[in-house]
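Structures for review follow.
The two complexes that follow have chain A in common; it is paired with chain B in the first and with chain C in the second.
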Partner chain A sequence: METTAPAGRSTYRPPWRLLIGAALVIFMAIPIVTMVIFGDVPMPTSIDKFKEFTNRLSVPEVSLTFFFTPLFVAGFVFYKEWTKPVVAIPLGIVFTIFYFGSMVIDANYFAILEKPDNVPISMMLFGTGFLMWWAMRQAAINDENIRQGKPLLEGSKDDKVLVWPDLVYTELICIVIASAILVIWSIVLRAPLEAPANPEGPPNPSKAPWYFLGLQEMLVYFDPWMAGVVLPTMIITGLIGMPYCDTNPKGNGYYTVSQRPFIIFNWMFGFIVLWVVLIVFGTFLRGPNWNFYGPYEPWDASIQPAMTNINLSDYFWNGENLAGFGLGVGLPENMWLRELPGIIFTLAFCFGLPVLLARTVMRRMYLQMGALRFYFMAIHFVIMGMMPLKMVLRWVLTLKYFIYLPELNFNL
Partner chain B sequence: MLGKAWNWIRTSQVWSSIFRHGIPRDRRTRVMAIMSNVFLHLHPVAVRKSGIRLSFTWCMGGLTFFLFLAETISGVLLMFYYRPVPEYAFADIIALRAHITLGLLREIHRWGAHAMIIAIWLHMMRVFLTGSYKPPREFNWGVGVILLVLTMLLSFTGYLLPWDQLAIWAITVGSNMGKATPFVGMQGPFTDMVQLAGVPLVTTKSDAAFMLLAGTSVGENALMRFYVLHCIALPLAAATLIAVHFWRIRKDGGISGPL
Partner chain C sequence: MATTHEQVVKVWIEPGCIVCDACETDCPEVFEVTEETCLIRPEAKSADFTKPLTPSIQTAAEGCPVDVIKFDTVEVEGEAPWAGQEEEAAAAGAPSGGGGGGGAKKGGWEPPEGPPDPAWAGLLETSHTSGSRSSGGPAVRVRSTTLPAKAPIEAVTAAVPDDAPPDALSATMVGVGLARPSASTAESIKAKGEEKARKTGVGSRIRIWLLLGWGGLLFCGATVGAALQAFIVPKVTKEPPSIFKAGKLADFPDVAVYEQFKGSQQVWIVRQSDDKLVALSTICTHLGCIPNWWPGDAKFKCPCHGSGFYMNGINFEGPAPRPLERHRIYLDGDTVMVDKAYLYREEKGQWDDANSYVMV
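== the complex of A and B ==
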């Protein structure tokens, strides 16, 4: 961006995008470098070593932290660059070759992908990926046009056509094509059907329908009342409330990123990383006992990873695993006193943090939106943030619950 | 000769009782074609040129509606063959493949359902990314969110009907969440506190999961309940809201575009 600076002022601006890009590359390289140098993971010099390498890197704590999230951030920051056809088409081709080519080199991966109930997952992945590119491409062009004062791709308000014939014929053509695809799909692929229902013999793993697997994945980190009831309810209330909270008048009716970056970043993070990616994890990579298996790993039900999960109250009163940090006095008898640190933390996180945000980094937003809109948005926002927070605390501190009140079935 | 016959048909009382306008060739008759047809008049008469480009809408909302119709038609046909009781359900599904001409009904219904879920998600993504939920379309976005939930519930209730291992255990995992509902699920937080004079109001036979399954586990009552929800209640609710959704698109100014 070229700017003409007033006399006497420095024209220097830090190259933010370059710095962010470099930071993301370094961050994404951390697990690969550390695993190769300090771990027992071989360099991927043959197909078998490549498979082991990929399996080791695909565990959620590594892949979500060091791969999917930074990749999402990079996709958002550099949307003007990667959406250019010269970049996007080769990227798409490489991904497609990797995605389907892996079926040739590995029988386990082949078995996962050709399972009839998993066919929609591939469709979802490629459909979402392609349409995301299409949307971001148009946003990039529009944003450039806005910057240069040129008209948008979507044209002006007065440019109207009659529904007959322009729209009804488009609809007719779509109906014909969609019908043909649906019939051909149904001829080629049988609908999934397993053995007759046996109420005595649950399969291992037992999975919910694929579109709920993001929530089932959340069961690893949260109890069912949270993953299966509160979070889905908040997704629905958050979505319905969104138009009333988004007071930004710009970006109404056309593709843009630069005019509404905050909401696009957060909404797309929720949809792509916390919904679509977790569904792929749930369908492709969760095997017997809901254990995690890499894409090229056989589903061996006898593997039982050791799990020692510790509650926040243990950390606070006992100082478990963190000698010197806890009080070391043992858990109190009274359940409310015992869980007091967790309760304070949870209340502070869900209700104190929004107030803090309103007074500091989101002050401008708070003033624009007003209290009711802001706190509705902020509470949904921090509770969405609680998902990655709990995941990271589980991986780093093996934290099980913030609040552990089995007396009331209330564990968070 | 043919032209004469065509002319005779077009001027007959039957034809003109159905179509109140001429062939849609000029502006007036094209407007009439939309306005005088109950289905087509859900459209506005004119729309933005940019709005109907495939690159703008991706046709995902239309595709979702098309799949809803395909599901309705194939679903009604499936109802002729399928009995929602454990003794027959699985056998009827097998028979659908083996004995019925072409044997594609269930495939169309199943794959169409999956495609509908993906299409409605992507429709939501498009509406979000173009900011089309912004005023004056806030309410219609809310209707759309409820339609999205209904679509997933339609798929969820239909998942049980084949009565195979995939079906009952997927529904078991899903409906176990009902048991964990705060205050009204047996294993949920604070349920023990819901009492009246020391008598618990929520028991395994009155909690949220029981309401969903009509039993404590996925059995024949659950099958009947899901069947009725799947074939009657949820489609009616969805059809009603679809009508509202389309009508509001028109009332809110047609397909969105820059103000």
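== the complex of A and C ==
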């Protein structure tokens, strides 16, 4: 049997949070500084310039990479700070002013926001924001209590509740309230019905219902069967499997972040960034022809930015667009040989990476969860990671597909 | 500044152990993992024994996945005696690749055998331990040999040493019958149900009801299913003729996209710059929306996810995985005919087929 050498802990800890904070601020400043100083984006000194500034910085490659993701990370690292009411309330007020105040300064934004289809978006934004704050606040208090050895907010309450009457009554009340809201809503706000479908002129842009806009955004980056079938199925299997994979009893019945950072970060990333933020993008930033428009930019359908997408196989065999990258021998005739780089990459990413994780950084988790649970979790995890990866590659390399087998209707 | 360090004086395990063996791996001197639960070895009940083992006890406590290992420490003046050991171990471990993480204990440093505390050894010998989490009572019930059954509470309190683990008192009280561990919720519900069934004799009748219930459900389901199968196949099939007249050759004089059949037939007639006349399907190869033709940019652009196609139907931007499809086009005299029953796909090399275009 192995024995561990006595391991003392050094008392010096680098000020991680400070360093991360500084790094995030610098990271977020990069696009502002470079685009304002070296580009043609104006300083937001007047309302028009503010609009132009916001429009230019809100293209997804900039805003998702440099604003939303760092803000999300910061929300995690500094959750004890920002959830304090003295910070959270002013933040909420500033956001509300920005959100509704923009209606005053811009007609296009006004048109988006007042559409009846988009009313739920506002509700979702404020609802998610409030609930996030509420949960994180309780987690922050609990984590502090745990550190100091004090009892949890939830106390040592019995975690069992009777189905009847406790649960059923709660559900009944929720049903009544929700139905009342829906009835009032449907009476007050006219249903946004449109003309019958017409094959000559489909609505431009054609948008999915608001709750699927994130999925529609994913469809821009993936083949239809990937984004339309495989990924949604994996969302569902992941949600179903999560309670069976997670045998760690920590966090059961009480809010905490510090005890479950990995799982909470992942959940939030999938839900907040890959679902909610993408819905917001689809609502405010996707205009005619599914092109990007800034939030204050008029939706002029004739603006057609040119873009060309290139497959991984083109990059690999031709090296057309990146000097010094690629073999430059031309695409092979055989489709399997042609797509070999992409196939190897995909297999390695989806199946090799989980094995690697199990051997290295997630070894502990692997031992605790057991192979079946771990690989179930890890495969869902890396495939979730594939979405941002593909988006970044699309923006940076205009990459179209990793595997491009139109002969078999298989593209990835 | 005087250095101090912590030394463990007492270790105990709270209920909830999931018997994962981690602690025994980390610190076998103190922890013993049995079939049901994890125990503190009797000799480890003494502070003299645990003090030198402080680092590995801390490691084990951190490593416990459910955090049930608890310990008390005291501050001790001076450098920790194992402080040097740690570096030594690290130095020994580093060149070996640090593979296992453990096993680095090369220096031959052994914890001194602590004298077993007779009181605790005795207590454990007379104890019955149970790993059940749902029993609600303390994990250890002490069958005391020194205390009479129904001993007064003061006697029990006096018999349990002050530095005993927190649940020792309640364990002893349970042992001598002063307290009864409460049944878990599941147990009490089950007991109540059984009692009721026994009193009312409902146990056998319930089977009949269950049978009736499930039978009824199956019957209804089967009926609905039988009714639904009638909807699977359409009762009326409307198939408009797949062939239509697109006009005379002279109707397509310029290199352009002709949109007059977009609405009625979902076809664009395109006269390409290589003087081929083709019939392009208006169905986007991504998810089937209908793209728009933008003459200024000379491209088809789909409003759903932004796929773009050149005038000849080749996809070049957005997610569409393949070019727009061509229909069969042919000349009947000088009338241009289009047959939508045929599809020609570029990626399958079918655009070379003479049926997929007409030379003008």
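As a working rule, the second predicted complex is superposed on the first by the 364 of 412 C-alpha atoms of A that agree within 3 Å, B and C clash if a C-alpha of one lies under 4 Å from a C-alpha of the other, contacts with A are read in each partner's own complex, and residues count from 1 in each chain.
Everything below uses one rule, namely that contacts are C-beta pairs under 8 Å (C-beta built on N, C-alpha and C of every residue); 3 or more make two chains touch, one makes a residue touch a chain.
Here the structure is a predicted model, which means the values were calculated and not measured.
Undergrad: With both complexes superposed on chain A, which partner does A:Q368 reach: first (chain B), second (chain C), both or neither?
TA: second
Undergrad: With both complexes superposed on chain A, which partner does A:Q138 reach: first (chain B), second (chain C), both or neither?
TA: A:Q138 contacts chain B only, not chain C.
Undergrad: In the overlay, answer first, second, both or neither for which of chain B and chain C A:A191 touches.
TA: A:A191: touches chain B, not chain C.
Undergrad: With the two structures laid over each other on chain A, which partner does A:P203 touch: chain B (first), chain C (second), both, or neither?
TA: So A:P203 meets both chain B and chain C here.
Undergrad: Report the partner of chain A that touches more of its residues: chain B or chain C.
TA: Between chain B and chain C, the winner on chain A residue contacts is B.
Undergrad: Just to be sure I read the superposition right, which of the two partners does A:N289 touch: chain B = first, chain C = second, or both, or neither?
TA: In the superposition, A:N289 touches chain C alone.
Undergrad: A:I236 contacts which: chain B (first), chain C (second), both, neither?
TA: First partner only, chain B.
Undergrad: Based on the superposed arrangement, let me know which partner A:T308 touches: chain B (first), chain C (second), both, or neither?
TA: After superposing on A, A:T308 lies in contact with chain C but is clear of chain B.
Undergrad: First (chain B), second (chain C), both or neither: which does A:G127 touch?
TA: first
Undergrad: On the A-aligned overlay, A:P224 touches which partner chain: chain B = first, chain C = second, or both, or neither?
TA: After superposing on A, A:P224 lies in contact with both chain B and chain C.
Undergrad: Please write out, lowest number first, the residues of chain A touched by both chain B and chain C across the two complexes.
TA: Touching chain B and chain C on chain A: residues 160, 198-199, 201-203, 206, 216, 223-224, 227-228, 249-250, 409, 411.
Undergrad: What part of chain A is in contact with chain B in the complex they form?
TA: Listed in rising order, the residues of chain A that touch chain B are 117, 119-120, 123-124, 127-128, 131-132, 134-135, 138-139, 152-157, 159-168, 170-171, 174-175, 178-179, 182-183, 185-187, 189-199, 201-203, 206-209, 211-212, 215-216, 223-225, 227-230, 236, 239-240, 242-244, 246, 249-256, 260, 264, 267, 271, 405, 408-411.
Undergrad: Write out the stretch or stretches of chain A touching chain C in their complex.
TA: Residues of chain A touching chain C: 1-9, 160, 198-206, 216, 219-224, 227-228, 248-250, 288-291, 302, 304, 306-309, 368, 400-401, 404, 406-407, 409, 411.
Undergrad: Looking at the complex, which residues from chain B come into contact with chain A?
TA: Going by the criterion above, the answer is residues 24, 27, 30-31, 33-34, 40, 43-52, 54-56, 58-60, 62-63, 66-67, 70, 86, 90, 93-94, 97, 104, 106-112, 114-115, 117-118, 121-122, 125-126, 128-135, 137-138, 141-142, 145-146, 149, 152, 155-156, 159, 162-170, 172-174, 176-182, 185, 187-193, 217-219, 256-259.
Undergrad: Taking the complex as given, what residues does chain C use to touch chain A?
TA: Interface residues on the chain C side: 5, 16, 20, 24-28, 53-56, 58-59, 65-67, 80, 82-83, 85-86, 89-90, 93, 100-105, 107, 109, 185, 262-263, 266, 282, 286-287, 289-290, 292, 294, 296-297, 299, 301-306, 308, 316-319, 321-322, 347-348.
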